[in-house]
Every structure is written in C-alpha cells, then in structure tokens.
Amino acid sequence: MANPLDQLFVLLKQWLVALLPVGLQPLLSMVLSAAAIIAVFASLFAVTTLLERKGLGRLQNRLGPNRTGPFGILQPLADGLKMLTKEDIVPEAADQVVHFLAPLVMVVPVLTAYAVLPMGRNMVAVDFDGGVLFFFAVGASTELSVFMAGWASRNKYSLLGAMRAIAQMISYEVPLVLASVTVVMTVGSLSLVRIVQSQSGYHWGWLARWHVFTPWGLAGLLLFLIAAAAECNRTPFDIPEGESEIIAGHLVEYSGFKYALFFLGEYLGMFAVSSLGISLFLGGWEAPVSFLTWIPSYVWFFGKLLGFISLFIWLRGTLPRLRTDQLMNFAWKFLLPMTLVNLVAAAGWHFSAGWSFPGALAWRWLFSAAVVGVPYLALGHALAGRVHLGPRSYRYAT
Amino acid sequence: MIPLQHYLVVAALLFGIGLAGALTRRNAIVVLIGIELMLNAANLNFIAFWCYGPNPQKLTGVLFALFAIGIAAAEAAVGLALVIAIYRHNRTTQLDRLDKLKG
Amino acid sequence: MRLTFLLLAALTLGSALLALSRRRLVHCALWVAVSFAALACLYLQLGAQFIGFAQVLVYVGAVAILIVFAILLTRSTEEPAAPAVIPGWLSGISIAVLTAGGLVVPILSSSLLPAPPAAPPMVTAQALGQELMTRYVLVLEVAGLLLTAALIGAVILALKESEGRP
Amino acid sequence: MSLLGVGLLKGMVETARNFVGSYHDPSRLTTVQYPEERLAPKENARNFPFLVYDGADSERGLRCVACKICEKECPPQCIYIVLERDAKGKPQKHPKVFDIDISVCMSCQICVEVCPFDAIKMDTEFELSRADRFGGLLLRKPDLAKPNVHYHRLHPTEAAEVDARLAAEQAKAAAKAKPASPPPPKPAAPTIAPAA
C-alpha cells in the first residue's frame, strides 16, 4: 500500500512533522490534522452553498446565481463578505452570554467529530476504539446549542423552533444510531477505520464488499439517510426552521457572523453525517470496482461525499416540508420499527455467514431481504390507510 | 499519576454539592438535578476504584457505572415525567406547595 | 496531567455548584450539562473511554435535554419571584457539609487506598461487549426491561388525561 | 396496493428531468434576466401618473388647466398644484407648479379618472430608485410632462380613443365658436406629430 499518489497527503504530513524536534512532533501532527480538516471542510462548505444554489435553481428550471464572477462561482465569497460585514444584533432582552455561546457550542463539537472520520487510506486524525460512539456523543451537543439559541433569544418563534428542533433531533437520533449499529454489530468494532477496512476486498474479483451490497446494508443506508436528513434539519425535515411558519426558528435573532456560524455548523454536520454513512455502508475510501483502485483513496471519499451532498440537494429541491405530527409519526411508527427489523436482518446475515451448501448465497439474500422487505410492505400497507402517512385530505380546499 | 484520594475527594465534594441542592432547593427540577449529580459522584467513585484497583481487567467498575448511567437515564425520564404530571395537576413545581394529598 | 485533573475537577465542582445555586432554571440546566461533560473528561482521564462517551451521549445528549424540556413544559423559564430555597435551607446545607466532610476526612486520612498504577488501564469496547453478553447478560436484560418500563411509565405519566381540562 | 415511497421517487424523477432539461432545453428556463432582458411591456400596466402635452413644447403644450380636481380627489394627497397668473393676477389656465410625490402616490388612478381634460395619465416607468428618497421622489412639472407620443407608445388603444374624443370635442367647439370670437384659447389640437 505504498502507492505514493494514494499516500500523498500522509507522506507530506510525515515529512513536515519530521522537520521538527521530537518533542514537538505530536503537537505539530495534531495541529496539521486539525488545520487540514478545518480548511478542507470549510472550503467544501463554500463549494456546497454554491452547488446548492445552482442545483436548486436547475431543479426548479431557474438559473441560480450567475452574477458574481463567471457563472456565479464567486457567490460564496460574496455571501461570506455580506455575512461578515453585517451588523451583529443581540436583542436587548436576550441572555447575552448564552446567546453568544450558542453558535460556538454548535460548531466546535461538529468539528471535533471529524477527528474520527477516515478520509482516505491512513488519513484519519485519531483512530481509536469507539469512534462511532464518540461521533454520536459529540453530535449530541448540537441539541443543546439549538436550545441555547432558541431560549436565549427571548423570542417565541425562537423557542418554538428550538422545541421542535430538539424533539425532532431526539426522535431521529434513535433510528440513526440503530441504523449504524447494524454495521457495528456485523463488523464487531466501533472504530471507523476498522469498519472501512472490513469492507475492503472484492466479490468475484470485481465488485466491492461494501455493506450496501447486502439487503440489510441497502435498507440500513436508506434508513440512515432518512434519519440523517432529519438530524441535520435538511428539507423535507426542516421544520425547526420552517421559514413560512416560524420565520427561521431558533435563528430568528441571529445575524451576521453568528448566523454564518450556525449555517456553517449545519452544513458541517451534514458533511459529518454523510461521511459517517459513507464509512459505514459505502466502504469509505475504497473503490467500488476492482479495476478503479488506481484512483487515490481520498478522491473516492470526497467523490462519495459530493454524491451524498448532491443527493441532499436533490431531495431539498423535490420534497415539501412535513408537518410536525407527520414527522413524529414517521419517526416512531415507521423508521424505528424498520431499523429494529433491519437489525434482525443484519444479525441473520451475520450468523448465516457459515452456510456452505450450494446456493447458500442466494438463500442468505432471500432470507435477509424477506426479513426487511415483508415488514416494509406490511408497514407501508398498514400506514397508507392512516391519516398521518396516507394521502392528505383537505377539509376546506378541494 | 494522580493519587486515588484526589478523585475520591472530588466525588465526595460533588456528592455534597448534589445533596445540598437536593435538600435546599424548592423547585422539583433542581432537586432532580441534585440527585443526578449525586449519582454521578458515585459513578466517579466506581470508575476511580476500577482504575486503581488490583484487577482492572475484570471491568466490574466500568460495567457498574454503565448500568448506573442507564438507570439514571430511566430515573430522570420518570422523574421529569412525574414533575410534568404534577405541574399539570397543581400548576406549580415548587415542592413546598405540594402539600395536599388530594388533587 | 495534574494540571488537567485540577482544571477538570474545578470545572466539575464549580459548574455543579453553579447548577444548584443559580436562580434561573435554564441556567441550572446548562451548568449541569457543563458539569456532566467535565465529569466525562475525568472518566476519559481514568482510562474509561467507553464510559466517558456514554456519559456525554446519555447525560449531555439526553438527560440535560430532558431537564430542559421539563423546564419549558412547566413554564418555569422565568426567574421565580418566590425564594429559591426552602425555609430550612441552613440545616440542609449543614447536613450536606457534614456528609461531605464525613467522606473527605476519612478519605484523606486513609492508608488502605491502593497506590496508583503506572498508566490507566485500557478497556476496549469489544472486551466490554464480551463481558456484557456473557457474564452480565442477565443484568443487561434486567436493565433493558427497566428501561422499557421507564419508557412506558414516562409516557403514561406525561400523557394528558383523556377527560381533563379542555 | 400502493408501495410506500413510490410517490417520493416519482417526485425525484420529475425534478431530475427539470435539472437535465434546463441545460439542453432553454424554453424551460422561465427566468428573465432583468437588466439585460426585459419582458415586453403590457398595455394595461400602470405605475405613476404623468402629464400629457401636445406638440413639441412641454411647457405650453400641457393639457392641464390647473383646475385642481385631481389634487382634491387624490386619496393620499400627493398632488400639489399652483395656478399660474399673469402680471395682473389673472388666472392663466396653466399650472405654475405641478408636483407629485410618488413616494406617497398609491397608483390608484383616480386622478386620471377625474381629469376632464385627459391631461393626466398613468406611466409605466418603474425604475425609480433614487439616492435621495425625499427630493428624488418628488417629481416636478418638467419630470412629469411627457409628450402625447409617449402616451401612444404606452397605451396605444386608449390613446387613440382619447385623441378621437378630443378631436371630436374640438371640432364641436370650433363649430359652435365660429360665429363668435375667432381664436380658441388653446391652439394645438391633439397631435401625434413625430410618430404619425
């Protein structure tokens, strides 16, 4: 695995670290990793805002921003300048300290979550046992920051938005964790590097051994995606922000740089959860087919990440916002049972690994798919007739 | 490494703070916070004794703390649900006002 | 090492003290979250990674949020007009001081405590899982049962009475 | 039996079709890139009033006789008119001052409806932003006076009707006045001089 192109950044870091005396080397190593993560993901944030605005435009037959620079590529710069030069307004009745701290509590934990995400072969800041747990633990502080923002603003819309956001995040954290646990269970490790490594190698010499190519993995990825979209407040689950009902929820009283920090925190959270999904189900830095392994690992990782981002943008351009009760019903009546069933399917897959009679693979597939598919159909059938998930009926409009 | 006493002292002080809060505050929610802090002090003791104990490979202290965390979560959920139910009934969470047996 | 410990201990105790002495309930909840997080760092220092992260996940992510929710649902976000402590608060404080003193003095004077090991022991999540699934499986099941009961109990307690006020 | 999630996929396909289509089918893009491109003006559009004048002289050709009906009728009272008088103080049937504060005007068109002389009409000009919001948005008589040609360009059908009516009235007045005194007070008949 000493492909120099693949290990370009790792070697670069090693070379830089070696320049310093031994005592300072761990410190420099940490600083370099942190600086790289912050720089890369902050610029990815800028790129994503542009992609999102252009993409949303095209999804709705519009042009998107095209005034700043050629094809509008300087739009993120203009947005950033606007945000930075805006007046920072703090309401008089607000709790000044909490109001100030909320954006920081949002961004800092999200950035620390990147420490355990592998972004390429040997490209992980800290590889420790328990990475997935660490990821979810630091992710939990987002809820607190949302509450801080909502309460400290002393605005009823803020408070309503914060209540909605917390209720939503708590509800969807359960399916998110349960969908991830399937992979943790089959791999037998909480370390993301180990999880990615367990997906290396190729079926029949060409197709990658990703978890997504198993019935439970596919279902798990879809469930994970839905829960992740809700966890990062992306449309169709952006009820906490709900511009049309509660203006912008907990962000009402934020302006200027603090608002930009919240915005950054939300997108960084989306990237982080997407990266986790990639590491868990889509083989992290691994190539999907064996004849493409010459492409460096980090290119694969960021390519997949861009794919996830595009998917989220596509979803945002397509789906309308849910109502709060629909959201809760969906989480507790559909997502949670499905993740539990998926856990059973994954367990069945794991324990049938030893089957060796002819056609065992087909039987495993069939069994696992049935365990996920039958409850899905049954739930779909049972819920479709209900008020909450079925077609909407309107009392006053036709 | 730091002597074990330090951790034990921190745990004891944390327990004392939690106890003081639970004994003196009027609001039921703050009393619950105090109880949570006391539980946490106990957890700190478990972890400290496990770490400094003769046989850390046994994992007894860690597992006890793990179960304690789980049970504390359950306790918090039920306790706060009780507080909400009481609030709905009596329109107050001040403990010294809840002096009627009949709702 | 020692400095980290002192800082964390001061943060834990200070925020715990603030959590129980602030008048405004939301501040109490936020300070207690800080205290929980600092305690998690102390666990990490003691080598219990899994417990440390579980502490953050459960306490900061769930219990603190539950407390916040309870505060919001009981409409006690504003500063109460009535005094925050009960009339007999002095005796409560003295009981707490006596208890803490009664714990601290023997601890400091004890000679039975083991000497510190060279390095904190490492515990992997895998070892923890093995123990949980073999030796402590019954406890795990009981804990699961308890949590389920607590979940159902909390739902029933917090449910609106069907024929209550409009 | 409907499968849960099929509707979502249908929606996704639809937006994907939009996405791809917007690149190779320009007719899908409904955006008009305003400063460079403009929509064709609509005949019934209206924004703020202007004063019509006949002939080439924007001062003497004004149809307005300073009767002040519009000033009285204007609901937000954004019109201010001062009658012109000659040296002896005799009224001149001509406004000395005619101001409209378009920051107050609400585009109700009542002034146009009450004007007996068809002297005030609605403009479609909308690029009115000014650096000075008090002085800049107070339009004076020279800003307001626009030729009849302008009126014809904005509202051709209506302008033609107005011209025909005015011509008929003038002819009637001329026929009536022929036995009496020779020159009519206002010389010019409604003209569309350069455009016609």
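Note that the chains take the letters A, B, C and D in the order they are written out, and that residue 1 is the start of every chain.
Just so we're on the same page, a residue touches a chain if its C-beta (ideal position, glycine included) is under 8 Å from a C-beta of that chain, and two chains touch if they have at least 3 such contacts.
These numbers were taken from a predicted model, which means no experiment stands behind them.
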Query: Does B-C or A-C have more contacting C-beta pairs?
result: B-C
- prompt: Measuring from the mean C-alpha position of chain B to the mean C-alpha position of chain C, what distance in angstrom results?
  reply: 5
Message: Averaging over Cα atoms per chain, report the distance between chain C and chain D in Å.
response: 73
Computed distance of Cα centres, chain B from chain A, in Å: 34
Field: Inter-centroid spacing, chain C versus chain A (mean Cα positions, whole Å)
entry: 29
- line: Two or more other chains are touched by the chain B residues none
- line: Within chain A, the set of residues that touch 2 or more other chains is none
Task: Would you give the residues of chain C that are in contact with at least 2 other chains, written as numbers and ranges?
output: 50, 54, 62, 69
Query: What kind of graph do the touching chains make: line, ring, star, complete, other?
result: line
- prompt: Which residues of chain A touch chain D in their complex?
  reply: 55, 58-63, 314-315, 317-319, 334, 376-377, 379-381, 383-384, 389
Field: Residues of chain B touching chain C in the complex
entry: 1-10, 12-21, 23-27, 29-30, 32-34, 36-37, 40, 43-44, 47-48, 50-54, 56-57, 59, 62-63, 65-67, 69-78, 80-85, 87-88, 93-96
Task: Could you please specify the touching residues of chain C with respect to chain A in the complex?
output: 26-27, 30, 33, 40, 49-50, 53-54, 56-57, 60-62, 64-65, 68-69, 72, 77, 124-126
- line: Contacts from chain D onto chain A in the complex sit at residues 1-5, 8, 11-12, 14-16, 18-19, 21-23, 28-31, 33
- line: Residue positions on chain A within touch of chain C in the complex are 95, 98, 128-130, 133-134, 136-141, 143-144, 147-148, 151, 159, 163, 166, 170, 173, 188-190
